[in-house]
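Below: the structure, in structure tokens.
We call the chains A, B, C and D, going by the order they appear; numbering starts again at 1 in every chain.
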Amino acid sequence: MSKISPSVEEAVSHIQDGMVVMIGGFGGAGAPIELIHALVERYKKTGSPGRLIVVNNNAGNGAVGIAAMIYAGMVAKMVCSFPRSTDPKAFTDKYLAGEIELELVPQGTLAERIRAGGAGIPAFYTPTSFGTLVAEGKPVAEFDGRKYVQERWLKADVALIKAELADRKGNLTYHMAARNFSPLMATAAAATIVQASRIVEPGGIDPEHVVTPGIFVNRIVEVPNPKQEEALLREVTK
Amino acid sequence: MSKISPSVEEAVSHIQDGMVVMIGGFGGAGAPIELIHALVERYKKTGSPGRLIVVNNNAGNGAVGIAAMIYAGMVAKMVCSFPRSTDPKAFTDKYLAGEIELELVPQGTLAERIRAGGAGIPAFYTPTSFGTLVAEGKPVAEFDGRKYVQERWLKADVALIKAELADRKGNLTYHMAARNFSPLMATAAAATIVQASRIVEPGGIDPEHVVTPGIFVNRIVEVPNPKQEEALLREVTK
Amino acid sequence: MTAKLTNAQIAWRAAQDIPDGAYVNLGIGFPEMVAKFKPKGREVIYHTENGILDFGEAPPAGQEDWDLINAGKKAVTLNPGAAFFHHADSFAMVRGGHLDVAILGAYEVAENGDLANWSTGPGSVPAVGGAMDLVHGAKRVCVITDHTTKDGRPKLLKQCRLPLTGVGCVTTVYTSLAVVDIVNARFVLREKLPSISLDELQALTEATLAVEGTVKDLIVPEV
Amino acid sequence: MTAKLTNAQIAWRAAQDIPDGAYVNLGIGFPEMVAKFKPKGREVIYHTENGILDFGEAPPAGQEDWDLINAGKKAVTLNPGAAFFHHADSFAMVRGGHLDVAILGAYEVAENGDLANWSTGPGSVPAVGGAMDLVHGAKRVCVITDHTTKDGRPKLLKQCRLPLTGVGCVTTVYTSLAVVDIVNARFVLREKLPSISLDELQALTEATLAVEGTVKDLIVPEV
């Protein structure tokens, strides 16, 4: 049994039209650029996978990563908390033209919904967004005299995430704050595809330092010296 | 600002009658024996703190740790998933005599209720226990055609936990599977009191290896070479 | 008395159906025996509720670290690639459907998949542990059990009489006499010992044993 | 035009009320300025939504690691004793009431503690980020803001007109003219600039400013 994939192209080859795709990262930190770009290239060559529903905290920046997916026309809907960035043109133009859908979710609720999806919790109550537009249409309940909004789990067909180390069994570590949503998304997707900067032998990660246990990981591809989205954008801007 | 306490006696000195006390550990792994025994000694000398509600996966083994608390008569109620052990006499006798109350909670539900308490989630739905005696009286709801039981968060006044390393700011690591409930309990208690085998300077724990961030920790006392409950019991039996 | 499989043989049979690469939780006690019979060449990753993935066999006596235990509080070892995590993450693996197989013991199994394995009724101290979570988490929930109680009464029933662990959750039952799948709230007989007739087996089973296609011989080596 | 505090001075004033040892989240933009004015000798631990506790100042230009950023996506550094964690744990800290103080900007604050700071209404791309979580999490939810809008209309209102971020959540407002606590759904004036009269201040405030005891002078150094 091996979870190792020979290339980013192979790693993303099973993603199909209309799938829900969670993509790790907060801004540029943790964005799996090589996996995303392999997917964009596949779409440009074959017209598939299109009509994707993409889950990420943001909605792309500049013209790389998720923004490149949006420019390519393969994203039907974004589920995110903050569809703004230093250069949000890719999303903003399509959104204002009515060509892309937006589900706006408060950041903590987004994280918790993804965690719930991975943990088999179909619904939970949160104080967040009570009494606001974001809570419209959602059930409300009172506990101990305070009102809370019911939120549903969020699951995906696929998660694309970026790790620092991976072992053959799928155990992962992350680089600093590039961790963010990735450990959660890994739990909530039917198939979790990981690009890791380095693949080590089982035992190469201290069992106490594993952040994502291998049970949540399906495919791993080694991408040494991966591009960092923010660094890439600044390079382009120069 | 220091979270360091000079002694186990001082560390547990603020615990009062009737409090809800979460105690880390699963069987002997992670049981904060020195903190517990300091509390038992205090009770024997002063008659306080009594009428405690203790939350732990089990209900004590032999005559040490939680079993010592029960023998001393300071526990009014246990909240646990498995009140059995190799030598459960302390709890069993009092329970059958009607002298101690039991709230039986499935293990995963216990963990999730504690996590919810720490995460500000007042209630959630789980498939666990649906259609069983344990779910009697609890609200049931259907999501996507499947039925789930509503469970409430669980919070405590105090958590007593055992860590491997602690820094002055309260960041913690754990020794192997001694981790179990402790990182959750640390989040769900108004005051989290930690015995650590070693206190290091801030920076002595790699920020990527911190398991419990210091925000969840109130008091830390160094207990080098702590007793391991299971080892202690086997020592006694010999 | 009909010839029947030993507990070790039941465990052996259940072990053969665990696929390569599977994530598996073995219940405390009898189910732990299944690990002994993993077919050679297959990689199986064991999960324990108290926060370990990929643990190995018990260490030699005297070399235990009692902070490295399984859900039955027995000392274990680690395989390369093991991971520790806290209880909420552990049960996220369970409840979230990430385990491929859970293997549990049973007092009673009903044809609709209901399982009773935690309480023999009032009078003793109730204790449920992680069983109620496991039965609603793993993709396959397998039971290993003697086909009947010690005094010969059926354990495969129309309805459970004891307090339930879970509703409609069991997918396969490996007994001392047969292998039975639960499909659409019916017992479907897959294999039986060649030495027992279908009528004899049915007589030891309260609910109807449906047959779909061929019933294979349940052949298990001496173990 | 009345004399008023600069943004830096408002940030300075808010910083003075952060107690030693506090865990604090500073909203993106203006609130980030509060960190600059931490009184010497106080230890403040900063939390950022994207999974860091105890981060420090921005690194020198050219030395950024873009995997080490705050919620505003600006590069930061780490203090000794920092910790990383994932987004669900980060918002467990927020929602679970573990932060001592959150400091946010505002379009509008109502006397009942309602806050509007995320949307100026339909027409643009809505974006909420972590604000709706922060307002229901921290023990103290403080707003720093100019006392009025650019065209002189009150921002401290009887009721918010813009879409709400949270209901009844704000505890203290630090403005360019005053410090106002929200107590039992009323604005209670704690401090005001000595150069402005109570009547003048009230005229710039839609809801009533209650006075309990003495109103102190709001004295802020040049910063």
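What we mean here is this: contacts are C-beta pairs under 8 Å (C-beta built on N, C-alpha and C of every residue); 3 or more make two chains touch, one makes a residue touch a chain.
By chain, with names taken from UniProt: A, B = 3-oxoacid CoA-transferase subunit A; C, D = CoA transferase subunit B.
No experiment lies behind these values; they were computed from the predicted model shown.
Trainee: Where the contacts of chain A and chain D (CoA transferase subunit B) overlap, which chains show up?
Mentor: Touching chain A and chain D (CoA transferase subunit B) alike, sorted by label: B.
Trainee: If you tally contacting C-beta pairs, which comes out ahead, B-D or B-C? Let me know.
Mentor: If we tally the C-beta pairs in contact for B-C and B-D, the bigger total goes to B-C.
Trainee: If I average the CA coordinates per chain, which chain comes out farthest from chain C (CoA transferase subunit B)?
Mentor: Following the centroid criterion, the farthest chain would be D.
Trainee: Could you state the distance in Å from the CA-based centre of chain B to that of chain C (CoA transferase subunit B)?
Mentor: 30
Trainee: Taking each chain's centre as its mean C-alpha position, how far apart are chain C (CoA transferase subunit B) and chain D (CoA transferase subunit B) in Å?
Mentor: 56
Trainee: Averaging only over C-alpha atoms, locate the centres of chain A and chain C (CoA transferase subunit B) and give their separation in whole Å.
Mentor: 36
Trainee: Where does chain C (CoA transferase subunit B) touch two or more other chains at once, residue-wise?
Mentor: 52, 84-85, 88, 91, 94-95, 136-137
Trainee: At which residue positions does chain B touch at least two other chains?
Mentor: 112, 115, 119-121, 126-127, 174, 176, 207-208, 211
Trainee: Chains as vertices, touching pairs as edges: which of line, ring, star, complete or other describes this one?
Mentor: Topology of the interface graph: other, matching no listed pattern.
Trainee: Among the chains present, which pairs are found to touch?
Mentor: So, checking each combination of chains, I get A-B, A-C, A-D, B-C, B-D as the touching pairs.
Trainee: Mind pulling up the chain D (CoA transferase subunit B) residues that touch chain A in the complex?
Mentor: 48-52, 65-69, 73, 84-88, 90-91, 94-95, 114, 119, 125-133, 136-137, 163-167
Trainee: What does chain C (CoA transferase subunit B) use to touch chain A in their complex?
Mentor: 20-21, 23, 43, 45, 47, 52-54, 78-85, 88-89, 91-99, 136-137
Trainee: Okay, in this complex, where on chain A does chain B touch?
Mentor: Interface residues on chain A, with respect to chain B: 112, 116, 119-127, 141, 143-144, 146, 148, 152, 173-174, 176, 207-209, 211.
Trainee: Which positions of chain A touch chain D (CoA transferase subunit B) when the two form their complex?
Mentor: The touching residues are 26-30, 57, 81-86, 88, 91-92, 95-96, 102, 104, 106-112, 114-115, 126-134, 174-184, 211, 228-231.
Trainee: For the complex, give me every residue of chain A touching chain C (CoA transferase subunit B).
Mentor: 1, 115, 117-121, 167-169, 171, 187, 201-203, 205, 207-208, 210, 213-216
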